[in-house]
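Shared between the two complexes below is chain A, which pairs with chain B and chain C, respectively.
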Partner chain A sequence: MVLALLYPLGYMVYGSFRDWDPSQSLSESTFVGLKNYITLWNDPNFHESTLVTLKFALSVVTVEMLIGVGLALLLDRKLRGMSVLRTLFILPMMIAPVVVGLIWRYMYHPTLGVFNRGIKGVGLEPVDWLGQHALLSVIIADIWQWTPFIFILSLAALQSLPRSALEAARIDGATGWQQIIHIKLPLMMPVLIVTCLLRLIDAFKVLEVILVMTEGGPGLSTEIMALRISRTATEFRELGVAAAMSNYLLIMLLILTVLMLVYNRYMEYRASRAMRVAQEN
Partner chain B sequence: MATDTQQSQHPGFYAIVVMLIIMAIGPIAIMLINSFKLDVDIISGTSGLLFMPTIQNYETALCDILPYELDHLDFCALKFGGAFINSLIIALVSTVLTLIIGCMAAYALVRFRFMGRDTASATTLMVRMVPPAVLLVPVFGLWNNEFCIDKASWLGSWIRDSFGGRGDVCLAGTHSGIILIYIAMNLPFVIWILQSFIVQVPRQLEEAARMDGAGPFQIFFKVVLPLIKPGLAAAAIFTFRIAWNEYLLASALSDRDTKTVPILIVNNMSEFNVEWGVIMATGMLLAIPPIIFTLFASRQIITGMTAGAVKG
Partner chain C sequence: MLNLSKTLRCLTVATAMVASVAIADPYEEYAGTTLIVNFPAHPHYDAVRKILPEFTRETGIEVEVDQLPYLKMRERQTLELGQDEGDYDLIAYVVFSKADYVYADQLENLARYFMNPKLSDPSYDADDLIDGYVYNIGFAGGTKGYLEGKTGSLFGIPYGSETSILGYRKDIFEKHGLEVPENYDQLLDIACKIPELEPGMGGLSSRAASGHHASHAFLLHLAPLGGRVFDDSWNPIVNNEAGVQAANALKTIVDCGPEGSASFGFGEALGSFLAGDTAMFLDTTVVAGQIDDPAKSKVVGKVGWAMHPMGTRRGSQTGGFGIGIPKNAENKDAAFLLMQWLTSKKGDKLVALAGGNPSRFSTHEDAEVNARFPHMATFGEALKHADPDWRPIIPVWGKINADLGTTLSKVLTEDLDIQEALDGVAERTKAVMEEAGYYTWSN
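== the complex of A and B ==
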């Protein structure tokens, strides 16, 4: 496993210091030091796609968390056919991202698409979905695909909550909202944080959906970093630069993950200390 | 939000549920409907449901493996049939291999206290963190330059011997090249999931089997494996799904003969004049296996997904 994961990564770090063309093997390429990194650091296009990536990931995760957890809270009740419902909800996640992109590209189509037909039917101006509002459209497609993931996970968390705490709260006269804010959400927190983390990591990996829908365009408005890496490697044939870019992306993800875990530990630590103080009193 | 009224459901609640269902499967239904329409119907299509259903799109898509000649087509431009077979080979082989390696490794990790459980979960998280796009460069470089016929790298010659690639090529462009990267990508996750199932197998059961004279391999195959079947199913579905759906690495590693379905779809999308009907039909073909899995094994999928997050 170390061989399969670390060797390619080491190979890439080594390659990122070189001026490297796909037709050469790595040892034939010339050593250029930090040039690739510095070029990227000053490249406005790279800044743009970093910004797009961050915007995409943050908005997607925020909206999905809100909707997903909200739906889980709403649908957490005894209901016949809940398993059928869950099955239907996970369908969007299971089908290929390429197909998801395909479906949404059709639905966003300026004249054929479902959305614009509906808008025209109501009598409004058609919207240029994949042109002017490309980023928003891509975000909506991703929300469609991945909200169920958060929904399923938070539903599982909700249903494994201790019933006794909820009973006690109800007997004490807590309203629905109070139960949610003071009991359910804090108890779900560990799962929610892990879910959020997984989703955030995945949001940086989205590539096929955007590739099929917009190919990064118009301009650079939806060119997230993963897409830019693959284009640098395959279209512009600059493997060294692509490797350097990959390292930037990895570092960014690593920082995010570590921050999240540290925050998680900190919260646990605070909770345990509060518990101890409460016991001592 | 009346979460405390467990008995009587508000009618608005059902409205929300129905709306959610429509939102979840509506787009897929649109694709399904359009795959049975001719392009003329899609473009003119004022009425969504009134049309003559036709399987012509599917015939066009699969023209290279159909046994009979098609009337509406004089040249078979799309090679979706071949790509479909490629996808099947790659996904099935990588799933089977990953499961075999994965369940043995998981068993070893749990029973022989080889490394801690944390190692597997940390690796899983790390592998999950690495985007496929990041793997693209090293994999492309390695597969094209290092893992070749030249005996410079022992791994290259070993893989050629054991998988039997075509003598004079690199690992890139062969089925085994793509399969190998999928195994590497999925293995940590599979080990992790299977571990959590193997831990629940009671030790007494294994000891009883040993008393009755079963060897270690018999114990593993006859006692442990049947007990962790749900885990195996979950792991298999996830591995298959990733191998089946993956686009980027496959596009970097495949050549003309080993293209998978996602690559062909993307290639045909980026052309100027999109034939929506045919594209939808191929998309549907690509989506059918995961949909079947979901409908028949949703319980396992949800188990796998929640095990991933809740126990993490």
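== the complex of A and C ==
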């Protein structure tokens, strides 16, 4: 199992130290040491790609967390038709990413797209969605597709909260907001952190939707790292450089994961300490 | 004596009959063979599928087609061609793949097949194949490594040839008394006049999206305006006067084009012309079928065709596909017979009548083909000026092309200074070429 897990990873790391063309097997390629890593380190296009990735991932995850958790808090009650509503909410994540890209690409179409037709309908100037506002446009599409993921997990977390704590708060006269801030959110935090981490990892690797919508353009304004890796491997035929880029991405994700886990541990430690102090008093 | 002479006559007739049977059926040895071919999902290859049953009926050779979207096809071929024994007997490939496959020794040199009297059809008439395409898609090892030349050799045959052609709205041009542009000054002038004459309509819809779309559109203008990406010593000259002129032409076309045209890929550019949102379309000949299809087009019967306008010279694009035999193919001889049949005069005409893009001069001039597709004669004329060197076909082109395309996209959307942008491309291209060893023999 460990071998199955680590072999592909080892293959990628090994490949990143080689000058490797797709028409060669890895053993036929030439060893170049750290050259691929150094080339990338000094490559302005790679820097731009990294920046776009960070902007994209942080924006979508922040907005998705806010909307997803907000919706879960709003809909955590017994309502008629709730199960239908939940199914409807998760529909976007069931659609293949390529189809999502195509749908949004046509909705953003300058003349035929539903957005510009609506905007023109009320007498306003049309918007160049995939030109001047390309990054914002792909961010909106991602939020549409993945907010339901946060919503579903948050709702599950909310519904598994100990009812006794909420009852006690209500008896003590806590308002709805106070319950959310002081009870629900702190108790949901471990789930929210894992959810946020999963979305961050995914947002760093998103490829198809952006590939279909903008192909990374205009310029490099939406060329996130996954897309650059794909182009480096297929268009530039530099598998070694693509492998080195993947390793940089992996390192970035590892750092993020460790930071979030450390934060989670710290919060747990603080909570247990507060509880201990309360018990001692 | 009489008997001897009679016997001799009988023997001669019998020998002639045996010989004629042998000559008449060069396919006999291969009847029952099943060839596996890899073709792209493309209108030309959809037409090819319609004529393959005729090949099987005539030869007894079965053909199984693995048809894939173009990018998937290339990925699959990269994997397949690297194996000791491949699955494919015949593959279609785009021109960039020629450099990669030949350099990696993955395609058969066709000389030994054309030298084999049992395989090579004497009536094949290779001179009838369109020159620019043979050199562009089939040749390797000549001038610059990818063009015609004494050191070159044939590795594939063009099949599904495309060039650039100007489609224009006859009704709009007639309504405003406009002349069909013959040169670039007229083209750009009319492109910007149209939005004034027909509010809401763009002049010319062009590819412009970041990456290979923008790069393609720029190179489309660079060749006729007298430019090249490299000089004869591989020094980048994309930033010279012709390069700046070509980038300016692209920017003018996009600025005077339909709404949002700076983010148009090929699909959107064509879609805009089909929807009647633009008066001109300068791109590949492969679109003719869709323009005449009432299910896809609002401009059926309204489109006229003209040659790609001239700059300082004629230089329309060379694109499309070629077919070649992988080195690791199982049935190479039978694959050659299929390749020869498909690209023969008969096969080329059949595929043209089925809606494909012919690769022979004679097919473009054929009365039956022209009666069915009246634009074919103009397309044939345009193909005579197809420029096999309109873009370089070298292994590092993918990287240079991507840089050129993203930089031009910045010119179109962020108003980056054209000269500065192209100087940057030239500088980075020089570094890529240096690393790839193109200056090893300099000094």
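Criterion: the second predicted complex is superposed on the first by the 278 of 281 C-alpha atoms of A that agree within 3 Å, B and C clash if a C-alpha of one lies under 4 Å from a C-alpha of the other, contacts with A are read in each partner's own complex, and residues count from 1 in each chain.
The rule is short, and it goes like this: contacts are C-beta pairs under 8 Å (C-beta built on N, C-alpha and C of every residue); 3 or more make two chains touch, one makes a residue touch a chain.
If you're wondering where the values come from, they're calculated on a predicted model, not measured in any experiment.
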Partner chain in contact with A:Pro92 - chain B first, chain C second, else both or neither: first
Chain B versus chain C, judged by how many residues of chain A each one touches: B
Touching partner for A:Leu112 - first (chain B), second (chain C), both, neither: both
Chain B versus chain C as contact partner of A:Gly176, first or second or both or neither: first
Touched partner set for A:Pro148, first chain B, second chain C, both or neither: first
Chain B versus chain C as contact partner of A:Leu253, first or second or both or neither: first
Chain B versus chain C as contact partner of A:Thr214, first or second or both or neither: second
Touching partner for A:Glu235 - first (chain B), second (chain C), both, neither: second
Chain B versus chain C as contact partner of A:Ala134, first or second or both or neither: second
Intersection of the chain A residues that touch chain B with those that touch chain C: 22, 25, 112, 215, 234
In the complex with chain C, residue positions of chain A that touch it: 21-25, 45, 109-112, 116, 126, 128-132, 134, 214-221, 223, 231, 234-238
Interface residues, chain A side, partner chain B - complex: 1, 3-5, 7-9, 11-12, 15, 20, 22, 25-26, 71, 73-79, 83, 85-92, 94-99, 101-107, 112, 114, 144, 148-149, 152-153, 156-157, 160, 170, 175-177, 179-180, 191, 194-195, 198, 201-202, 204-205, 207-208, 211-212, 215, 225-227, 229-230, 233-234, 239, 242-243, 246, 249-250, 253-254, 257
Chain A-touching residues of chain B, taken from the complex the two chains share: 1-4, 6, 9, 13, 16-17, 20-21, 23-25, 27-28, 30-31, 34, 42-43, 45, 123, 125-142, 144-146, 155, 184, 187-188, 241, 244-245, 247-248, 251-252, 262, 265-266, 269-270, 276, 279-280, 283, 286-287, 290-291, 293-295, 298-299, 301-302, 305-306, 308-310, 312
For the chain C and chain A complex, residues of the former touching the latter: 71, 74-75, 78, 81-82, 100-101, 103-104, 106, 209-214, 258-263, 265, 268, 271-272, 275, 277, 395-396, 398-399, 401-403, 406-407, 409-410, 412-414
